[in-house]
Each structure stands twice: as C-alpha cells, then as structure tokens.
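Read through the structure below, which is laid out as structure tokens, and then see the notes.
All chains are identified by letter, namely A, B, C and D, in their written order; residue positions are counted from 1 within each chain.
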Amino acid sequence: MLTILVPLLVLMILGAVIALESKDLLSGIISLGIIGFALTIIFLLLQAPDLAIVQIIVETLTLVILIAAILKTTREDTTETFGFKKILLWGIGLIAIAAFLLVTVNIFKHLPPFGSPVLRMAQPYIDLGLPMTGAANLVAAIILDFRGYDTLGEATVLFTAVAGTVAVLRSVGRKRA
Amino acid sequence: MRGMTPIVQCISRLMAPSIFLLGVYVVLHGHLTPGGGFAGGVLIAGAFVLLVLAFGSDEWRSRALNWNATVFESLGLFFFWFLAVMGLIEGVPFFVNVIAKANPGHPYRLFSAGIIPLCNAAIGMEVAAGLFFVFMCLAILKMGEKP
Amino acid sequence: MILYTLAIVLFLVGLYGVLVKRNIFKIIIGLAVIEYAVNLLFALIGYRYGGAAPIRTQGMPQDTLFVDPIPQALVLTAIVIGLATTALIAAVAVRIYEKYDTYDVRKIRKLRG
Amino acid sequence: MNWLPLFVVVPLGMAFLTPILSKWLKWFPDAAANLATGSAMALSIVALPFAKATTVYFVGGWMPFNGVPIGIHLVLDGLTVLMLLAVNLVAFACTVYSVSYMKHYTDKAKFVTLFLLMVAGLNGVVVSGDLFNVFVFFEITAIACYALVAFGVEAEELEASFKYQVLGGVASSLILLGIALFYWLTGTLNLADGARVLAQKEGNPAVFFIGGLLFTGFGLKGALMPFHAWLPDAHPSAPAPVSAMLSGVVIKVLGVYAICRVFFNVLGVTPALLSVLLVLGVVSMTVGVLLALAQWDFKRLLAYHSISQMGYIVIGIGLGTPLGILGGLFHLVNHTVFKSLLFLNAGALEYATGTRNLKRLGGLNRKMPVTSGTSMIASFSIAGLPPFNGFWSKLVIVLACVQAGHPIIAGWAVLGSILTLASFLKVQRYAFWGELRETWARVREAPAPMCAAMIALAILCLAMGALLIPSVKAAVLDPAVEVLTGGLSYASKALGG
C-alpha cells in the first residue's frame, strides 16, 4: 500500500510545483491534470470507487473549462522571473513549510494512526445502511438519505456557481442612465 | 464558435451517444454501483460539450441551447427540492425517504431505495445542464473592446 | 504518518502559490492544489486496513470489513464544491483579462486603500 | 417545530423557480424575493418564544442510534433565534429596497436568484447543528456573495470579487481541513456529539490545532483585523442591498456566530482564546476607525467602519463575562440594523446622483429629506449617541470592560466612538449639509420602496434600545447570552432534547 501511495503523492507534489512554476499557463494547467488524475488513482487504492469516478470526470471538465478560459485569453505568464528574488522566495517558502510540518507531524501523533479510523458515526451506517435505506451503495445511502440535506446544499452550491458564472459573464452590468 | 475537422466530427458523432448513455446508466444505478447523480451528470454534460467542440455552434443555436440548459437545470434542482420537501407535506420530517418507507422494494434491484434513484436522476439533470451551461457561456463569450 | 505529511506538503505548496504568485491563473492553480490536498487528506482519514469499498453486493457477509464511508461522502461533496468555485473564479479571471488585458496582479490595481 | 427547515427551504425553492418563471412573468423576481424573505422574517418572529429552550430537529427523521447522532440535526436555541431575527429582518428590508434599486442593473432575475441563495445559506448556517452541514451552507453563502460583488461587472468590481474569492477559497480550505481533523479525532460531525467526545480528550494538542485552523478560516470569512484585506474592496463594490447584507449580516454569521458556536459550545473556551479575541477586537476597532477617517468614498468609509464595529462586538465577546457577551451580542444586532441602513442610504445617494464621492456631493438634505434624515439617525446610532440603539450597546460593552478589570480598553472604546462620531459628522457635513451644488439641482428623492426600507430600519434604530428593558431582554437577549455562557452544556441540551 505505502509503496504505491508514497510515489504517487510525491508525483502530485512535483506536479504542483511544475504547475506553479511553469512560464506557460497551458502547461501549468496540464500539470494540474497530473495531480487530479494521480488523485483518482489514489482514491481507487483507498477503496473509494465513487470518489474515483467523480474525480476523474470532474478533473476532465475542470481542465476543459480552464483551458477554454486560457485559450480565450493568453497562455504566457509574464510574471515569472528567475533570479535572486525567486531563490529568496523559495528559501523562505521551504523554511515555512518545514516549520509548519514540524508542528503538524507532532499533532498527527495524537490522532488515530493511518488505517484505523474512529467509526463512531460510521458504524451504524455500515451495519444498517442497507436495511434502513435500501441502497446497496453505502456512499449513496449516506449522501442521499442520511445526509441528504448536505447533498441538497451541494447541488445548490453548483446551482449558485452556475448562476454566478452566468451573471459575471454578462457583457453589460449597469444600465446607462 | 467554429467546429473542427471532419475526422473529429465523425468520431464525436460515434462517441457522444455512447458517453451520453454511459452517463444515464451511471445516474440510474447510483444507489447500486459507484457513481450517482454528480458523476453521471458530468458525463452527460461531457457528451454535449464534445458535440459543441466538434461541430461548433452559431450564436442563434447557442442561445436556444442556453435557454434549454437553464430550464433543465432549474427544473432538476426544483425536483430534488420537491423530493426533499415531500416529507414536510406528508407531515413527517424534512427529507424522509417517504417512498422507501411505504414501499421498500427489493434490495440490489434498480427500483429500490425509494427516493434515492429519483434524487440521483434529479441531480444528474441539474449537474448536466448546469455544467454544460457554464461551458457554453465561456465558449461563446466574445472578448469585448479592450481599454 | 508519511502519507499525511505528504498531503500537508501538497497543501502548503498550494498555499505558497496563492500567497506568492503574481499571476491570476497561477493563483487559481494554487487554490485548486489546496482543494486537492484537503480532499486527499480527508480520503486518507477514512481508509481502513483490509477494508472493502463500501458497496454491498449480493451474498456479502453482514460483518464484512468496510472502509469508512463518511469521508467518501464528504469528499464527494467537497469535489463538487471545488468544481463550482473553480468555474466561477475562472469566469471572473477571464472578465478581468478582458478589462485589463493582463493577468499580472501588480498591474490590476484600481482599488487602493 | 415542523417549520424549522422552512428557513432554508422557502428561499431555496423560490431561487430555483426564479430563472424559469421570470422569462414569462416579469413581476415574478420581485414577488419571489419579497415573499421568501418576508415569510422567513415572519417565521423568525414566530420562533421567538422558542428561544428559551433548545429544540432539535432531526432531518430525515434519523434519531440518534445508541446515543450517537447519525443524521443531520437542526438546532434552535437562543443564539440561533437572535441571529435568525437579525438576518431575516435585514434581508427583508434589502429585498424591498432592491425592487427599485436594482432597476439600474441588468438581469434582475439573476440578482434575485443569487440574493435568495445567499439568504438561504445564511439561515442554513445559523440553524444547523452539524459541522459539515455548516460548511456546505458557508459555501452557498460565500459563492453567492462572490458573484453578487461582481454583479455590476465593472473592472473594480471584478477585481474586488477576485480578491474576495481568493481569500474566501483559502478560508474554506482551512475550514474543511479543520473539519477533516475534527472528524479524524472524534469520528463524528455533529457539534453536540463532538463536544461530548472532546470533553474526554482534554489536553490533546490536536484540539488546539483544529481550533487554530477553524479560527483562521472563520476569521478570514468574518474579516477580523489581520484577515480583513478583502473587505474594504468587496463591500463597496457590491450593489447597495448586497453591501448592506455583506456588512450587516454575512461577516457576522460567517465570522462571529461561527466562532461563538464552535469555540464556546464545542471546542471549549480557553483564557488564551479570550485574550486573542480581545487583542484582535481592540486592534480592529482602532485601525478600522483610523483608516475610515481618511476615506472620501461613502461606501468605502462604511466598510472600514464595519471592521471597527466588528472590533466592538469581538471585544464584548472576548471579555467572556455574561455582561460582556450581552454587550457584544446586543451590539451585533444593533450594528446589523444601522450599518445596513447606512449602506442603503449610500445606495440611495448613488441612485439619485450617480456618485458616492463625498467631495462631489453636498446640500442634499433639502432634495432628499428621507435619505438625509434616516442617515442622520444611523450616523448617531453608529457613533453611540443617546438615545439611539448604538449608545446602549456600547454602554454595556464599556461597563463590561470596567467590570472585568480592563478600564484601559473601556477608555479606548470611548475614544474609538468619538472618532466614529467625527467621521460621520464629516459624512453629514459633506453629503447633506452645506451649499447645494448646481449639478444636483434636479436630483429627486429615492423611489418609495427604497424610502420605506430606510424608514423601517431607522425606526428600528430608535426602538431597539428597548431590548434592554428587563422583560424584553429576558425574552430575546438573555437566552442567547445563556447559550454562550452555558458553554459545553450545549452538548447535553442538544442531545438530550
């Protein structure tokens, strides 16, 4: 398990660094795709096929939307420069990351270890999900029955974002007096 | 928006219906297999996006498509909302799976789990129409006069 | 432990992008990376050694060991929310480009104070 | 108690119908907006008698299983009722106002959709008793706000919205990370159940870490001082009713309310947290008012005053004493009313004259008597002059500071109040008094719906001092204070009932 997951995670981090540092925005977005698709594989390995399906499709659509936005505008990043300032920023960034990691690693020691979650709320779902809701897919039972209210909210978030996107893309906002 | 070469168009013509069908399958079997309204809905949106990318779309047709997308999106979500409120109308709490309580159906079959497949269908409709709408708006946006 | 640490590293790389980068699209990429990292961490929390995917099939014994389904349901929600925010922010970015003809935040400064 | 979900359900349903029906029925957006917010307001008044007890609503009918909650719970208690009143009152005033005001913008149906979604999100955050559910409704509110800030699609508005989205996105991710760790540690998402589990894990450093993540996230959304960078851009850029909601309600629900609920009722209050709140409050109060003094854009000035007044609220709550919390919550409600009113005034000025630059205005009190009169009331309220509501809440906060042994902060708060008064005298002097300029000779008073909304809020400004009358106080403010002073007893109340 670890032998597959760790290289994938390292790949994701490298993908993130490349996506953020490339001078070409299009290749930056495609590197973002690396992270998303690696995440899909990780979800599969973590026994989460629902997540894997949603992630792979959402990733594809995100890339389509972002690439459409890039093709409308420009793919050049004129702000990237190489020099002393960049090295300085990287240095500060690395130190900050290391400091934050020291804290979090200490915190993680006080949380349940990997592979043995606390099944306080989840145990009833696992035992009784099928008889209580009739859905064989426990994740579907949770998102649409036990926590259906969340899913109404989630669908509303998407609706909000669509309405917002359309509102923002109007060509004229104010009526001229 | 212009379309692409005939090769792309030909392949898309073959692929889009199968993607659409896969999306419908994923939506309807969300309570039995991995997937569900969101995944299936995005797949359906993908089928339409593929067609628009391959064949292009003139302004008049885009406008008609956008209006249809609005209707499907709002209606899908309204249907989901209605399924949730149905409990309140019947006098039981909000979001109770009223159909499954009355008529549980047989587990592992398509027609089981009460409102869950219906919710999935409603979400699928909303997600497909909404995301297609967003894509269309970005695609047909004309970059205006620059200052 | 190492998995959680790497997920946090990914989070911090994204945060670095948001805080340091001066290009609007790089900032959007940074936000996306942050979202991925949080989703990843959340999914890692739900894993259980030897657990099966939380989908019952016919003939499965009642006491089968499953992974925790709640984080999966929550991450599903979070992924869709992430898509929604990304679409909206991309639309705003395109409009900003239309108005200012640049993605450089140092040049996009009508608001000061 | 079957109507508790209606706070969310009614605005949502109207929002879903608006895009379709507005194609044929031109009057539908206005009707839907006023109907939804009006009924939500009526419901929150109906909810008043329920403030004294804690009522739990089980969504989906999922009762706790072996004592562990498995569904989502909605919780109605004193604090919830107070917030619901504040949210829906202002929302109703804003929708009435926007009937006329939004005629200056295109595509009213989209505005109404987004506005109702924002209101639904706020109500959802307030009534929810489940951490992840709170997050989902946070996102609905936040995304609707991002879009509404950019609703005019001018360059400045898009820029402000982008800034808001970046900081809001970081805040959301921090909150989600906090929720992930919370679930990791406790195995539950229910706030009350989480409090019960955490009570057994006292001293676990992970709790501090979760607290830090959530505090930063809520602080970013609520624009507390070190995280305030987005507010002075975003609030002035939005259309006036949205600015009124943003400054009046959104930052309080997403910031102060969330912090109160999570820290006082779930994670537990520590002296360190209280002193952090006090320091942030004092800094916000001082810096906000100092920055406001230099502004000439009316709405921008108001936005800086929002930061400053949030400082007062946070000081009151950070004192941790019952009197301090009373002052903080009272000031929260008062600020909701008078700051919304001020933003509506600014909107009316902009509607009539097309500018909000104070240097270009002047002498408008003869031309716009309603706007001028109501803005005078609101200005005196925010500056804390008797007998307006702002005076009473500031008085309580100052007294609480003295009582808790912080006389320096008390003096500082009075000084901040004087500076606020100076700042608003400037507004009155430049916008409404003095010579009427030639340019504004043909300016007319704002249309009737806008005037009605402003007058209603102005009457509230005068009347809300009455909340301190003991019998009224016992019905409205005291239950809310008890929720916070009761601390972790929230868990037993919300699970026992």
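As a convention for this text, contacts are C-beta pairs under 8 Å (C-beta built on N, C-alpha and C of every residue); 3 or more make two chains touch, one makes a residue touch a chain.
Every value quoted in this text rests on a predicted model; they were computed, and no experiment measured them.
Any chain bridging chain A and chain C, meaning touching each of them, is among B, D; the list is complete.
Looking at A-B alongside B-C, one finds more C-beta pairs in contact between the chains of A-B. Note on chain placement: the centre of chain A and the centre of chain B lie 22 Å apart, centres being C-alpha means. One simple way to say how far apart two chains are is to compare their mean CA positions; for chain B and chain C this gives 23 Å. Note on chain placement: the centre of chain A and the centre of chain D lie 30 Å apart, centres being C-alpha means.
Shared interface positions of chain C, i.e. residues touching 2 or more other chains, are given as 45, 53, 55, 57, 70-71, 74, 76-77, 80-81, 83-85, 87-88, 90-95, 97-100.
With touch defined as above, residues shared between interfaces to two or more other chains in chain D number as follows: 12, 16, 19, 59-60, 132, 136, 139, 143, 146-147, 150, 153-154, 158, 161, 184, 189. Within chain A, the positions touching two or more other chains are listed as 49-50, 54, 58, 61, 65, 69, 72-73, 104, 117, 119, 121-122, 125, 130, 136-137, 139, 143, 145, 147-154, 156-162, 164-166, 168-169, 171.
If the chains shown are joined wherever they touch, the resulting network links each chain directly to all the rest.
Contact residues of chain A toward chain C in the complex are 2, 5-6, 9-10, 12-13, 16-17, 19-20, 25, 28-29, 32, 35-36, 39, 42-43, 46-51, 54-55, 58, 61-62, 65-66, 69-70, 72-74, 77-80, 89, 93, 96-97, 100-101, 104-105, 108-109, 113-117, 119, 121-122, 125-127, 129-130, 136-139, 142-143, 147, 150-151, 153-154, 157-158, 160-162, 164-165, 168-169. For chain D in complex with chain B, the touching residues are 2, 5-6, 9, 12-13, 16-17, 19-20, 23, 57-61. Interface of chain D with chain C (complex): residues 132, 136, 139, 143, 146-147, 150, 153-156, 158-162, 165-166, 169-170, 172-173, 176-177, 179-180, 183-184, 189, 232-233, 237, 291, 294-295, 300.
If you check the complex, the residues on chain A that touch chain B are 49-50, 52-54, 57-58, 60-61, 64-65, 68-69, 72-73, 130, 133-137, 139-141, 143-145, 148-149, 151-152, 155-156, 158-159, 161-162, 165-166, 169, 171. By the touch criterion given at the top, residues 12, 15-16, 19, 59-60, 62, 65-66, 68-72, 103-107, 110-111, 113-114, 117, 120, 124, 132-133, 136-137, 139-140, 143-144, 146-148, 150-154, 157-158, 161, 181, 184-190, 193, 197, 204-206, 209, 354 of chain D touch chain A in their complex.
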